[in-house]
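Remarks on the structure that follows.
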Amino acid sequence: MSIFSDKPKEECGIFGIYGPGLDVSRLTYYGLYALQHRGQESAGIAVTDGHGIRLHKNMGLVPEVFSEGVLARLTGHMAVGHVRYSTTGSSLVINAQPLVCYYANGMLALAHNGNLTNIGKLRGSLAAHGSVFQSTNDSEVIVNLIARYSQNKIEDAILKCMLDIKGSYSLVVMTEDKLIGVRDPYGVRPLCIGKMGDAYILASESCALDTIGAELVRDVEPGEIVVISDKGLNSIKKMAAKRQATCIFEFIYFARPDSVIDGFQVNQVRREMGRQLAREYPVEVDIVISVPDSGTAAARGYSEESGIPFEEGLMKNRYIGRTFIQPNQEMRELAVRLKLNPIKNVLRGKRVLMVDDSIVRGTTSGKMVSMLKSSGAEEVHMCVSSPPIIHPCYYGIDISVRKELIASEMSVDGVRKFIGADGLHYLSQEGLLKVFGKKMPQCTFCTACFDGDYPIEIPMPDKQSKFLLE
Amino acid sequence: MSIFSDKPKEECGIFGIYGPGLDVSRLTYYGLYALQHRGQESAGIAVTDGHGIRLHKNMGLVPEVFSEGVLARLTGHMAVGHVRYSTTGSSLVINAQPLVCYYANGMLALAHNGNLTNIGKLRGSLAAHGSVFQSTNDSEVIVNLIARYSQNKIEDAILKCMLDIKGSYSLVVMTEDKLIGVRDPYGVRPLCIGKMGDAYILASESCALDTIGAELVRDVEPGEIVVISDKGLNSIKKMAAKRQATCIFEFIYFARPDSVIDGFQVNQVRREMGRQLAREYPVEVDIVISVPDSGTAAARGYSEESGIPFEEGLMKNRYIGRTFIQPNQEMRELAVRLKLNPIKNVLRGKRVLMVDDSIVRGTTSGKMVSMLKSSGAEEVHMCVSSPPIIHPCYYGIDISVRKELIASEMSVDGVRKFIGADGLHYLSQEGLLKVFGKKMPQCTFCTACFDGDYPIEIPMPDKQSKFLLE
Amino acid sequence: MSIFSDKPKEECGIFGIYGPGLDVSRLTYYGLYALQHRGQESAGIAVTDGHGIRLHKNMGLVPEVFSEGVLARLTGHMAVGHVRYSTTGSSLVINAQPLVCYYANGMLALAHNGNLTNIGKLRGSLAAHGSVFQSTNDSEVIVNLIARYSQNKIEDAILKCMLDIKGSYSLVVMTEDKLIGVRDPYGVRPLCIGKMGDAYILASESCALDTIGAELVRDVEPGEIVVISDKGLNSIKKMAAKRQATCIFEFIYFARPDSVIDGFQVNQVRREMGRQLAREYPVEVDIVISVPDSGTAAARGYSEESGIPFEEGLMKNRYIGRTFIQPNQEMRELAVRLKLNPIKNVLRGKRVLMVDDSIVRGTTSGKMVSMLKSSGAEEVHMCVSSPPIIHPCYYGIDISVRKELIASEMSVDGVRKFIGADGLHYLSQEGLLKVFGKKMPQCTFCTACFDGDYPIEIPMPDKQSKFLLE
Amino acid sequence: MSIFSDKPKEECGIFGIYGPGLDVSRLTYYGLYALQHRGQESAGIAVTDGHGIRLHKNMGLVPEVFSEGVLARLTGHMAVGHVRYSTTGSSLVINAQPLVCYYANGMLALAHNGNLTNIGKLRGSLAAHGSVFQSTNDSEVIVNLIARYSQNKIEDAILKCMLDIKGSYSLVVMTEDKLIGVRDPYGVRPLCIGKMGDAYILASESCALDTIGAELVRDVEPGEIVVISDKGLNSIKKMAAKRQATCIFEFIYFARPDSVIDGFQVNQVRREMGRQLAREYPVEVDIVISVPDSGTAAARGYSEESGIPFEEGLMKNRYIGRTFIQPNQEMRELAVRLKLNPIKNVLRGKRVLMVDDSIVRGTTSGKMVSMLKSSGAEEVHMCVSSPPIIHPCYYGIDISVRKELIASEMSVDGVRKFIGADGLHYLSQEGLLKVFGKKMPQCTFCTACFDGDYPIEIPMPDKQSKFLLE
């Protein structure tokens, strides 16, 4: 985790386009640009003109990885793109996606967002039949499974593969003539379908559709396979899950505020969380402030519901980048100030409610409370627009080590004392679900990190093969 | 101008610290980080331990230019830093600052924010006496002048130099034993004094003081020279100006919202501009939205004054960076969408007031209006929190070519039609000044870009020597 | 082919070390440095400490790919290294070696020098059983074959694999506990064994042993597998070939002059070729010069045998690097001068014999003859220390397209006229073989590029799957 | 000094061209390429079309600094180029040349090879009159002096400047209409004149003329100023020196073997040195070998004169580059082997004479002797084609610290013991001068590093201002 953030990390963003006559690699580039928040460590685009697949991928942000010259060489009518943030292992170009390979039926490109939970077992079983693996990527296991079923049509091979793999997965698969979208039976990670003229687009979030000027058609449904080809879009729904379990953190933190997921405008959901916080914790303060940018929508919701004015009490340095020389020991308290500057004129003598989306380790929250107080705030209360995170995530979020979760170690009042706040309120799980209204019953979301109710089998502690590629 | 922005550009941010016992180069690094918005093309730090001056500067953002190793070598008790955005000429490391030189009395470092208006004459006159120039930088002229007066103490040499130079200049000068801050007699560019224990700091904006944990003492006054040494801070005020003329665009757009300049909290001034807009242009709309981030404070002020709800109707891609592959001709309309995504759920069927801080060329505003309408907005009005920019700036802002200023070519209604808005209102100059309240009379600001009333002599059209360093 | 050279290109250099207690990654680094002439496009080192394998590889020269920090992380007691020059396809990091993978029995690293001739068939057959391929590398096929035979011990799996693969291959294979060297049954590519204390080394050429201070023990024999482990070195010889067929171009051009291959000191062999040329073509000239550096040994041999003085008539620019701005059309004749400068004082009025090791396309030779004449040479004869190259190579040398071989298109006299020489003599194949003396019968070498007598089955024209990874 | 070499370092190579109608920047690029051996740390080209001067310079080798795009922008009819190896201070782009500046009469570009000895005094005196200096470069002092005399024509200003400056200097100066070559009155550094059609070229060495296809006209004479303009070439000779004192190390080591300096073919001079060594030290050995490449010409001369066969006993790794991971303590003896590999087949049982051009610190020579012996040589004698270096150089060669000169600390026999040789002979100074024949009397060369007879005033120990630019 970086010095600036103890936010959970998302793993990946995926994108696919079937667009004869369009500059598909360039559109994929813009689509990935819009999904950059889902992964900043590597980016890749694979493209086909019907005869073979060309690939370019590398470490870095989308505009660092691709140049005009590279895009110009990636010609074709279908493309798949991927941005990755690595949760485990070192970040290596060998782990960058899409994964492109040659198998019995020709070539295949695959982009994956999610985390398989039975990967060790699958790798062992495939290896026993002669498979070799060059990375620790889930994707490599998936393509090997598809290859095992290569006597079938690609969509059937994928279906068989879905019977083997467990965990969360949204996939975009491209052969030389088909573009295929897959969402796991629980729908843990998002995936939506867009249309632009005759072209079809698959994307992790609808903001990528907006960016290229496409219309959102609908989400891929949990367990659904959509096959796009010159015959148009065909849906295959043969996998049934006991329940949908979309990761609720997509709404709390991960997704871009301008995206629409499963019918909900993310930013409006976040504002509603703030309104609910105001109802649950009607504290007497003078101003509501947010931890920008992640807490701003909820802070505004709180302000609207409570009538307490929203002020910009913490100003963010917009030039905070990925690399930075860390303050040394004596300057440790500067670390938070480099990103966020408290406005004394706003805070002086005020009772302040600070709203953020979540607390993971609590150290950053503590620094912010202390900074607000030393800037003149008389009282500092904190509201968090999610329940306490107590359980690790096995489905692709970087909150996997229980002892790093402050709420699993302390009571809420313990956390309050730890961060030095005068009050602390987490949004109740009940309240969180209310936000979605009647449209969606509780069982629609995965809330395992709050309540330990894991919808999908989780892995046994595993003796991992030491497989290190520097 | 970049594809994403036709905002005016600021030239520079400057920083100086006198701090025996402190890690001055690291503190300067963080100070420059806080001033990064004032210049993104080069950065530099010069440091002295009393014996010679060490310098490191290069093209790039602050964290790109400096590494741990570089900072570790920059040891001493005084430092000067600079970030630069080049308004004229190509961006070259030879133009990066601070400028460090050896002259008759030893070594000297200089960091400059502003623009001299009699530079051609000064260069000619210095050259006639044997000076050579390796760049087209104002700073090189200033150090040559100081060197001409080297029979005097450094503060007296600077005072003599101030009688020669015309234009805008905030300077931080460092010799082997003194740190000196200078603000031109009109106070066009800001410069403030901070204190942290026994250490003194000079900075373009107070946000740099906040970042390193220093207290704002006061602004350097127009025409003032402050000399910081082991004898403490000494003020020299021998230059009188007919009037103060601080660049009003510092408040409208340039300065960071969390800075306090001449006693005004920038963000609050901007919100007040929005309130004033609401009083001047009480249009009947359903929602107020902003062009993030520059228009947000004013949009919120408008909302507060008018009671019309503020909504996030345009969502910004936070990963927009400096480099980017431009959309080709057919995708031209994507250019704005890559940065700003209109939220259909918010806009659909609404009469919308969009608030921005200024219009320079008008092309971006036009694209945004069109984007809002195609996202379902029924009416789009635009409010601008500054008067029309009609006249070029000669004091350091990149709005120097009259024909690129849409408001100097068209009436307000012409601009309205050009951008396709249903209504357009610019903040009146009178209203703009009202925002500052009684504390500050009109003559306190330079408003030449609005009214052509140039406080300082402007240059004659000049036959420039072709001096090109690639 | 580059502007400076139409020499054939070698594919790879390989290196392995079993050295408990030694800094094996650093020794591999120096070994690869000594083998840099065999491949300049990528470099890689894989290392094991008995538990897993760590790998670092990238595009570039050895010192560009590895830093102190990278080597420091590559700790263990066994290592495999590889340098690559790509003959086919684009040069990509995905093609860089060693190839490291996880398979049924753990981990495996493989470095390959050579070219398989039945690769298409093997890939097809493996794919039919579910294998996937992420590159077009021979190595990936070999590891998949080994994985198929993973119910056997690694040495037995390799032996079975050798029954499947055809073509040229020298291999270094590393598991978590064994280092294995393999040379194909014809011994096309070299591979030698060294010893340094208790440590064993495998290397393409003995110069790599010299560099790290190891002693040359012997060459790996054609068809031999040597297994090095904590039980020492064990030899397995179960593959018999009808004949040895070491690539004779290793002696003519590829190998470093200070290497000893199959008992022959390369530089002395080249000098002997020059002596033989003098016997075959005793032309009346004033001086013998060489095309440095490749022709120098033969030129000196010619001079010694003939008594005609050897002079440095062409001086090489030692700073010629990989990148260079090519002269434009009018300056085309400069291209050769940039690398080689004719010394007028030496050449003026002289009858000159110029010796080079080979002629591929003939264009560079032509430019050199013309340059010598314009520098005052009265006559220019050329001797080539190899027979005319008429047939393409399928075993790993970049002379695969027949129409680019000038000698396959023209008679010797045609070539002479084409290059503008007054005389031209190619070393006869008989003479070439005589050079090796009685120690080695003719059938010891592959001379297929001269006589079309291919020792190993060559591939059928193949409809290649378009597998392009940019 | 690098791990591989304790050779003295040259400072610079300079180049100028007056060529209306030619692509002068590209020709300068090739000229600098040919002069790359004179400086590998920075490169620069300045060009004029008669109106202003454009410049591009940076750290790195010529092909690293210049791209097609950069050259394409450097259009004009005159150009000046420079390659630099920094002897003192850190290597910084601010020290890269040409130096381009604006002064009273317009613009000026200057490239300098040499070292001024009264630089401290000149800087002080210029600074007292108001000059400022941004580097510690001699060149900046020279342009300031020229600017002081700007009431004169440029050639007269240069002449006046020559009366002030002491030390070694070959200069190429370019104004907007003249190209001027200058060689100091002692002619310490070389500078020659070439012609190609109507174009004139100035270059440090004639190999640069050969490379671009120009003819060598003659050397610029000591104390001569040549002015090239649309009126052709005009010579000004008003400076008389008591004697010529060309640096004899240009012939021993620095200059490229294919250059002709002051009428002598460098390579032939070196061979003659070897012949003279054979006459002075007729040792009974079996073979003569060289330290490649610097000792090869002399070794061949020794072989020719003595009749003892010349063999390649040390083979050089042609891929040795600028960056390299140094062997750690236990591998220290590998350092020399990485560059030079002794050929056991050649050395075994032989009495060997090893020839090199010079010994500076002696450590490398010692390692080579030891390596030869451990490769089987029975006796190792060493011959050096220059006398012992006892005195530091103040005229631009990096042998300035007396205690690093082994020959100034020990007798010849002491050095012999230190390097472990069975015999050691340095070429006598008398013998060295004989090599040049009757054409040149002794006083023609600077031999101060051998005999302490400094032709030009040397600097007093100087309290240097600490002027450090990182």
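In order of appearance the chains are A, B, C and D, and numbering begins at 1 in each one.
Basically, contacts are C-beta pairs under 8 Å (C-beta built on N, C-alpha and C of every residue); 3 or more make two chains touch, one makes a residue touch a chain.
Because the structure is predicted, anything quoted here is derived from the model rather than measured.
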Shortest contact path, chain B to chain D, counted in steps: 1
Centroid comparison with chain C (C-alpha atoms), farthest chain: B
Separation of chain C from chain D, taking each centre as the mean of its C-alpha atoms, in whole Å: 37
Intercentroid distance (Cα basis), chain C paired with chain B, Å: 60
Contacts with two or more other chains, residues of chain C listed in rising order: none
Those chain pairs that satisfy the touch definition: A-B, A-C, B-D, C-D
Chain D residues touching chain C - in the complex, by the definition given at the top: 23, 26-27, 29-30, 33-34, 36-37, 40, 61-64, 66-68, 71, 207, 210-213, 256-258, 260, 265, 267-268, 293, 297, 312, 315, 317-319, 321, 323-325, 327-328, 330-331, 333-334, 337-338, 341-343, 345-346
Chain C contact footprint on chain A (complex, rising order): 51-56, 70, 73-74, 93, 99-104, 106-108, 123, 127-134, 143-144, 147-148, 150, 465-470
